[in-house]
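Every chain is named by a letter (A, B and C) in the order it is written, and numbering of its residues begins at 1.
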């Protein structure tokens, strides 16, 4: 595939807080971004400037006021800013993966099931999915005795590693990474770098916020700011 | 069935009680395998809407269409009563807020679960019982309780029994009205998880009416927010809860401790 | 007292009941409401049966009444005398000689013939009443053939007792369509309902319902595939006539617990003994 995997055009996002007298918080004003397969774009803005907002908007978690977010899905182009709920769910299950900073834990679901769940949408048979899940959990150094437990009691670092496993287990063409190395130690960060590099090798298109410089420098092919010029990595 | 045909399609559904508005001009599409949450506070019209969709109430206006297993689309509001009753026993399920409304009293748990099978012509005692036991396992009720009366069950167990009774005919669409209402918090969590697992495993579509946003976060793919009988906002669950647009939705979301 | 009409009821009432009977015969097993009259016996003592009999009995009929199979119990005697006084019709204890038989709780052992009419006394006509107290709902269930729930009752029996415990008034499906209560006859008698050459009429006076099973109508007792319908069996034969294929009454004969088994159908027993 030669074209871009993701094109953000003229994106505006303003939050209107009706519960606080209607105060408006403009966060994104005219963001443009193009990401190709194999790219790993690092967002360089300081904390609170809207990096998460952009990632969430791409994932259609936030609804922009203006602009387009075009992705290639199932051989056609979909605008996340205007697509219907059914289409958005389809894009999320097979085209865009999202690794957030924290794991939303559902009590009673074992870690292994949490991790392999994204593969269901790709039609991967359960035995294969289980094998891949175990391999990935091992790679992320989650002890086997925890695999059948719900992550609800895990430490922050363990939860983040489960989160990563879930985020990277399926071959999403587009990956959104919001501080993937948060709560991790040096060894954990090294694994994050590995995972991102593998994803790059299979030509995933990635956009991320990487607070950690070591990780950023190891994985980013480009560095940009939301509203500024692109800088060479 | 083609994946691009909605399972349930409602258009312009209104229910008026004289001048009082139960719900007004509600439209929605529900797709196979999808869980739709309808949230609102008391008096929002969500229960009225559910009644109109499930054939229990006759709307003042609007249409409700359901796609049968063979692909035929039927107008629920025009269906002859025998057909509607049959649908309600087979392809649809209803989980009431109060489990006693959905269970048969004076009859054992096993008979409660097996009744729908018998209503459809099941005539082998051993097999009916085996299926009832299987369902008790699925809803995590001790098999040994199969011959007990539901009146002897705790409310959480009664609710789970109601779910088993409803799902035994593998309905494709389940209507739930506050399924966790009145249950202790720990019991709620267990029940929600059960529902979540079952809807995923069985590929159920469900419409869940609730005032509890945490329930929707866990179970629903999409949400409708209702107020004063009207839908004020709709979208993916995470959209509505994380980026609420309408002032009322923002109020609802901000009022909850942990949506 | 000559002021009574033939068979006590006035002719208009008889017509009304006959109309109901015609409807009942036209729809085997379906309960037809009728304007039950005040009769000179209490509810629960056969007012429905008496009204049906009174509507179909004619001067040429030969009338037999049994109660639990016997012609000589108090109730059978009372009803027989009632019709003797109001119709002067010939009465008999012989099943094969009767044209019209009113019965409570038994079907005679002697096989019935084409042309005979049996009138059953019915306390509760609605088979679904145990499950559904609302008349509106039970009517719908009959109209829509929603009978699966009757098997819930049988299921419960098997669960509680290991077998279907219902021993009398055992529910049947008539002509493959209507669920019916055959009145409190023992289940032993249920097979006699199936394709019987006689006309079977059922009257419930207090509940004001009439139903019928026309001659040669298929009647099937409900059951499960793995718990098929079975009838009662005794280890004893009749102490008086030696019959092994009749419904037995158990009689205590002394104060030491001695007992004997005799046919409940007195006419059948006498006939076998050559009387």
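Before moving on, here are some points about what is shown:
What we mean here is this: a contact is a pair of C-beta atoms (placed from the backbone, for glycine too) under 8 Å apart; a residue touches a chain by one contact, two chains touch by 3 or more.
Remember, it's a predicted structure, so these values are computed and weren't measured experimentally.
Taken together, the touching pairs link the chains end to end in a line with two free ends. Farthest from chain A, judged by the mean position of CA atoms in each chain, is C. Here the chain at the heart of the shown protein, by mean C-alpha position, is B.
A straight line joining the Cα centres of chain A and chain B is 33 Å long.
Here the spacing of chain A and chain C, counted between their Cα centres, is 77 Å. Centre-to-centre spacing of chain B and chain C amounts to 46 Å, using the average Cα coordinate of each chain.
For chain C, the set of residues that touch two or more other chains is empty. On chain C, the positions that touch chain B within their shared complex are 131, 140, 143-144, 146, 148-149, 151-152, 155-156, 158-160, 223-227. Residues 15-19, 56, 60-63, 85-86, 88-89, 106-109 of chain A are the ones touching chain B in the complex.
Taken in their complex, chain B has these residues touching chain C: 81-82, 85, 104, 107-108, 110-111, 114-126, 128-129, 147. Taken together, the chain B residues at the contact with chain A in this complex read 31, 34, 189-190, 193, 196, 218, 221-222, 235-236, 238-239, 242-243, 245-247, 250-251, 254.
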